[in-house]
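Pasting the structures in now, so scroll down.
Below, chain A partners chain B and then partners chain C, in two separate complexes.
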Partner chain A sequence: MKQQQVKLGIREYVCIAFLMIGMKGTEDTPSMLFSHVQNAAWMVPLLSGGLFFIPFFLLLKTLSLFQDKNVFEVIQQLLGKYIAFFVSFIIFIMNSYAISLDTRTYTNIIRAYYFTTTPRLVLYGILMVVCVYAAKKGIQRIGSISYILIFYVALSFFIAFWLSLDDSQFASIFPIWGPGKLELLKAAPSGLGLWGEFFILTSLYSFMTSFKDFRNGTWIAFGCVVIQLSLATMLFIALFDKGLVVIGYPFHVAIRYISLGEFLPNIETLFFPIWLSAAFIRFAAFLFINALIFGHLFKIKEYQYLIPSLATIYLLIGMIPETPNDVAQLKEPLRYIAGPTFAAISIILWLTAWFKGEFKHAKNKNNM
Partner chain B sequence: MRKKNSLIKPLKILSKKLSTQPHFVEQSNQQEIEIKKQKISRNYKRNLETFKDLYSIPDNIDVKIREFTISSLNRRAFIIYLSTMTKLAYIQTGIIDDLVENKDPDRNIQDIVSHPLVRNVEVIEDILLGINAGSAALFVDGDNKCYLFDTVEIKSRGIEPPQNEVIVKGAKEAFTEKVIDNIALIRKKIKNENLIVEFKVISKRSRNDVFLVYEKDLVNSELLQTIKDKLESLDTDSISDLSILEQYIEERPRSFFPTLLYTERPDRAASFIEEGHITLLMDNSPSCLVLPATFWSIFHSPEDHYLRTPYGNFIRLLRVIALFVALFTSAFYIAVTNYHVGMIPPDLLMAIAGTRERVPFPSLIEVLMMELAFELIREAGLRVPSPIGPTIGIVGALILGQAAVQANIISPIIIIVVALSGLSSFIIIDVSFNFAIRMTRFLLILSAGFLGIYGITAVLIIGLFYLSSLKSFGIPYFAPMTPYFLSSKDLLIRHVPMKDRFRPGYLKPKDMVRRRKG
Partner chain C sequence: MPKIKITCNLLLFLAIVFLLSGCWDRSELENKAYVIGLGIDRSKYEGKIKVTMLIANPEVGSMQGGGGSSEKPREIITLEAIDIITAKSTANAVISREISYELLKVIIVSEEFAKDKEFLPTLFTSIQDKEIRLDTFLVVCKEKAYEYFQKNRPRMETRPHKYFQYMIDHGIQNGYIADSTLFRFIKTIERGTDLALAMYTTAEKEKNPPNRGEDEYIAGQLNVFGELDDTQFIGSAVFRNGVMTDILTGQETRIVNILDDTVNIGDILINLPDPFSDKRQQIAVRILKTENNTFKMNLKGAKPKITITIPLKFEIMSNPSMVNFADSEENRQILKKHIAEDTKISFEKFLRKTQTELKGSPLPLSRYALKYFATNQEFEHFNWEKSYLEAEIIIKPDIQIIDYGKQLRPKK
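== the complex of A and B ==
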């Protein structure tokens, strides 16, 4: 039998998307949201998700016209060579910035909660080495492993949240509008940054079996993640209430807080490996996509070989900030810029396609 | 991939240049090869000379030549055979007696001899092949062909119960060293004319042959061709056993994990053939190879299907737990006691600390020592002559366990940990997979010693990625779970047999559906 390239199926794609974006609920995102709109933070994922839905829907609509191309090839076709390069380059830079700081955030979490005495570079280095190995195996393998792990990840999150219910006060979500409706509406656009990864994920289209799978998979993952993020934030608010302001990584505090009956008071070590595996998958996928974009930008066909060098650069960038606080501060601008940028690019793409008459063109083609 | 090759290629050439093959003097047998390529002559004397020469008679004691005259035809004849591989009675009564006692001068040889004739052969090489395989060759003066008779009878042990894949419920016969019996064992289970037994010679000097067994109307022809090509491409003097052939045809012979299924149970082989797999059999090997194999086929046991559905699933879940216990118990113990002490309930922590009080070694060394001791006992238990086998168990358990604890070399909890993980590893039925688990365990122990749970998880994820990149004749290791293929979903949990509706989709069988709905 020929060693045919196994395509990425819808299950694997949904799992990658879920692990990549759903993991945000387990890092500093919930407390970041809380710092803006207090106890209405759980609404931000819903609102910004609703807001992001529009440009994202338009983007998928545009992509559906070019069913054999991934998002960067579409950008190139619609915006011309030079502008397309510029746009793609901005996306690449934003991604690189995000991945550097995110990996650093995860290293910080590991160091703060589990390995307080281990040098940061060792923890960070191992994280990167594993991700490079995983990313080099290709997106199909990443998908396969996500599919194998997703059950355990979901189960462990569920158990963690379920155990935390004992000490939760759901009254703390009131007043329901938090600081006020207007504040909440203002916070929604800044929450767009949460969904930036979905834009990047569209570059995986060329690995998928069909456009239908891709579209359905994206919407399924989008729905799941919006609900998951919102629910996670709500549970953290119920568990910590005002305390969430000072808690950097609520998930990890939560799994330290909960206990399994009288006998096992500290069960965070049971959740840690599963969370860590999900983190490995997340960054492996992230690395792979970044290499893909880089390969597209500079016309490098064998982009897998870029992964180790890119990872090294990200590691070096990630090592720059001195403290976790610096990381949070550096992340702040990205949070405001990334979401609107992706939304803007999506709308611009759609408009260009509209003006160029690609939609009519496609319609005519279908009619013929 | 191309780029990788372009990088490695110059290196390979360089290393080839540096490591030249050692020089040795070889004796040419060109002359003999030439003789073998010729056809036999009509001349009786010359044929006799040629074969006496080729078989080094009279040095070669079990090659027998019997010369006689067929009086009715008035022609000289001789018959040549290997006395150790043939049944003498066949030759005497079925061939020679018939020829000597015949009175009718008009009948030809085929009609006179009652013993079944295999074929008429002309080329010397082919005749030699026949004789070496146990046939008797009859040469008659004036004929330009030789008659080969199937007179082979090789002694072998009878069909016995399986030694390694023991089950409680289900067939209790195993393959033997005699391939004819093995094929019969499979044929007995699949009574269908589409069951094909193909034959291929794979080595040049010993001329070992492999039998491909498959169902013609199921197997994917592309897959079959790949396997045939692979067998064709082997260029070696001798492959004496199936387990050596396994290493020749595997994609990654250095990998920890097996990608072919090696089984000694004909019922298992038959059930794989019925799914569209291909099995390889060889003479002298009491087993068969099933290809391609996935993680699941290696992990499952035939008993999962023989037992009723709930019981079958129960033992399968037990096996999953055993797999995890065998892999992670020791590593987890080290990680928890060294890095995540907070996790242990205080009472238990006190107990563990109390027993470790007088032990001078770090727990990593303790575990490694005990694991090594366990592996030693295990290996020794396999190799000792059977009368003293039980003694080894007692010595192992008593001396190494009890005494080591009393001597304060290891703490008692280590014994529990190692015994648990060692015992669990026995539940993994496949020999190769068993080794893989045992070796990976050491890797995990070391990584746990290095970085606790973080190290274990890192190795686990790398391992999972490695496993998912393994392929067995183009089929991913975790198929049909991921990448997804249509199948009857017999992975961790199996359904009732009535719901087993599809053959595994990754094989792309010609007939996908086992059982139509309704």
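== the complex of A and C ==
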């Protein structure tokens, strides 16, 4: 039952990355950013993106030395068996925590706005079953689906934002520095958590056609997502103004508010299926990567078979918080820890590689 | 091996059966009673409100061609309840179908309750119901809300959802009433720096209605008679800090709507005094607002200075003094200057009234001030609500006359 190894092209990789991280604009991230730095929230993705660029650049540089290995194998080679296991295990735990809470957030959204009386467990179960099904098909399939889907996702976002422009007032993003420059700078590190997914996406490298594709794809996706998140946040600020504080999921409130003229007043059902498919892709890719890490940690070759059991565990963890508010509270520490941790690991990797003289080594090899 | 495979596949197939139970959120049109209008009044009991529901009959008017039913198009019930969310189930004691707010169009609040401090908390708990959409309109009525619903008997548009939709949409297009969706209303309240407006209506005609210009009325003052429904939508209620304090006339609401770029008004028809007539005749003009206003502020000095440039296009519809515009550049200039002056005077007069009487700006003016500050703290320190009252506001109409109407030969 060995799956045929079709490599992941640059466009599929960019699409997966865009769907995985760009979806953050449609859940509670914008209002979370707003609650910290108010009307300057749109700057946080830009600032933290700029901040994350440095360690991420170093990470890609380090990875380029070992062109046939993925990030976890590189960690193992550089940090030694035991520390590498510890580091990878931390990454795995953080990801598991993140995916559990994120899937729960999506279940909450679906339950709050679309299926209000269906039991939470049923919705959650169906979400997980679909994601497991997609994840088990392998990352190549996920890549192809995201490539098909990306156009519709982008189009539906664009239409939603364009329709909401009518009620937006861009003057609301002023005063330009929001709560003050210092506060903004303080908020940037906590925004690093937004980009944690890019770190784990690097583990997909072994599925890519070439390192060049991988590197270029990552930067393209990174640029797109930083701009997209910042723009989405800005639009929500312009649309909701100070009200964004009390709105949990601004994207969904916005699509329930906008209308296509008098004739088609309630159009959220047009956006919902597209958003839902994008969510499936996001978690399918997330599940796949987590299974990959787990397989690497415990030397399990057929890691695809881990996906259903991992998903069940995530579902059980995700069911623990009782209310959506608890979920938001539990997410908060992750936001502060995840980003800096990933940044730190990247820098440590680069430093180790530097001290060990891997860069010189590679240079010599090239010269020879 | 194949046996196991077949069994597994069959089991998987059986799993599809579970999907059939996914009908928790199934809703049948037949089973639902759609509330189109919701009235909220003060109750004589402590901690309660009087909820009125206007329920539309989906069968009426939906039939294509023959058939049709002889049922009434609507049902109105009023009951005392703690909030509108639980009122849904209480109302089911009298209404046979399941009550739903999904198609709610208007929330009507009596003036008496709107002036109460309890109003805002009640409204905020009400809209926590997930079925209520933010594009629902908030309306203030002069009488009690339940009386309003009972008296409001449209003759032509008997289906209530169509009636309210058309009435409100056209009112906003004409600029007579404020565009007060819950979304806009709540946004303004949350912001806290400006006055919130809600459209004003009544189904009660005043006994001795005054005689004024074409739009200087508030609901109930318009003297219309004939074979019609007495409901009038004109003017708007002003809310300061969440409590209703005043009423704007149709004309004043129009000024607000012209000044506020976030409102989509259509073209407005008004009368202006004719500069060429000595018998106080009036000319009819159509005003088009196609471009956004520009707001310039100087907030540094002791007295803030706000300059608003309003680009307006005018179409002259009538010409009572039979002036020749076609050949005389001078006449055209006189008219343009006159219109500009007239607009400036009426707008500035109104804005002065907002400073002295209403004590706040009925349009989101504070948003335009934001960009003159670097941080939120500076803006808070500036204290917009207070500074606005002392500000010097200058209106600069940028008039363009795009049509002088039909040119008739002047009387010899």
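Heads up, the rule we're going with is that the second predicted complex is superposed on the first by the 364 of 368 C-alpha atoms of A that agree within 3 Å, B and C clash if a C-alpha of one lies under 4 Å from a C-alpha of the other, contacts with A are read in each partner's own complex, and residues count from 1 in each chain.
One rule holds for everything that comes next: a contact is a pair of C-beta atoms (placed from the backbone, for glycine too) under 8 Å apart; a residue touches a chain by one contact, two chains touch by 3 or more.
Fair warning: this is a prediction, and the values are worked out from it, not measured in the lab.
Undergrad: Scan A:Pro55 for contacts with chain B and chain C and give back first, second, both or neither.
TA: Touch partners of A:Pro55: none, neither chain B nor chain C.
Undergrad: Look at A:Trp177 in the shared chain and tell me whether it touches chain B only, chain C only, both, or neither; answer first, second, both or neither.
TA: second
Undergrad: On the A-aligned overlay, A:Gly318 touches which partner chain: chain B = first, chain C = second, or both, or neither?
TA: So A:Gly318 meets neither chain B nor chain C here.
Undergrad: Once the shared chain is lined up, is A:Thr118 touching chain B (first), chain C (second), both, or neither of them?
TA: Touch partners of A:Thr118: chain B and chain C.
Undergrad: Of the partners chain B and chain C, which touch A:Lys242 in the superposed model: first, second, both, neither?
TA: In the superposition, A:Lys242 contacts chain C only.
Undergrad: Between chain B and chain C, whom does A:Glu12 touch in the aligned arrangement: first, second, both, or neither?
TA: Only chain B; A:Glu12 stays clear of chain C.
Undergrad: Pick one for A:Phe272: touches chain B only (first), chain C only (second), both, or neither.
TA: first
Undergrad: Taking the contacts chain A makes with chain B in one complex and with chain C in the other, which residues are shared?
TA: Overlap of chain B and chain C footprints on chain A: residues 114-115, 118, 122, 126, 265-266.
Undergrad: How about chain C: which of its residues touch chain A in the complex?
TA: By the definition above, chain C touches chain A via 22, 24-25, 130, 133-135, 165, 169, 183-184, 186-187, 190-192, 261-262, 264, 364, 367-368, 370-371, 373-379.
Undergrad: Can you check the complex and tell me which residues of chain A touch chain B?
TA: For chain A paired with chain B, touching residues are 1-4, 6-7, 9, 11-12, 110, 114-115, 118, 122-123, 126, 129-130, 133-134, 137, 140-141, 143-145, 147-148, 263-270, 272-273, 276-277, 280-281, 302, 305.
Undergrad: Touching residues of chain B toward chain A in the complex: what are they?
TA: Going through chain B, the ones touching chain A are 2-3, 220, 222-223, 226, 335-336, 339-340, 342-343, 345, 451-458, 460-462, 464-465, 468-469, 471, 473-476, 478, 481-484, 508.
Undergrad: Can you list the chain A residues touching chain C in their complex?
TA: 38-39, 112-119, 122, 126, 166-167, 169, 171-172, 174-181, 240-243, 245-246, 253, 256-257, 259, 262, 265-266
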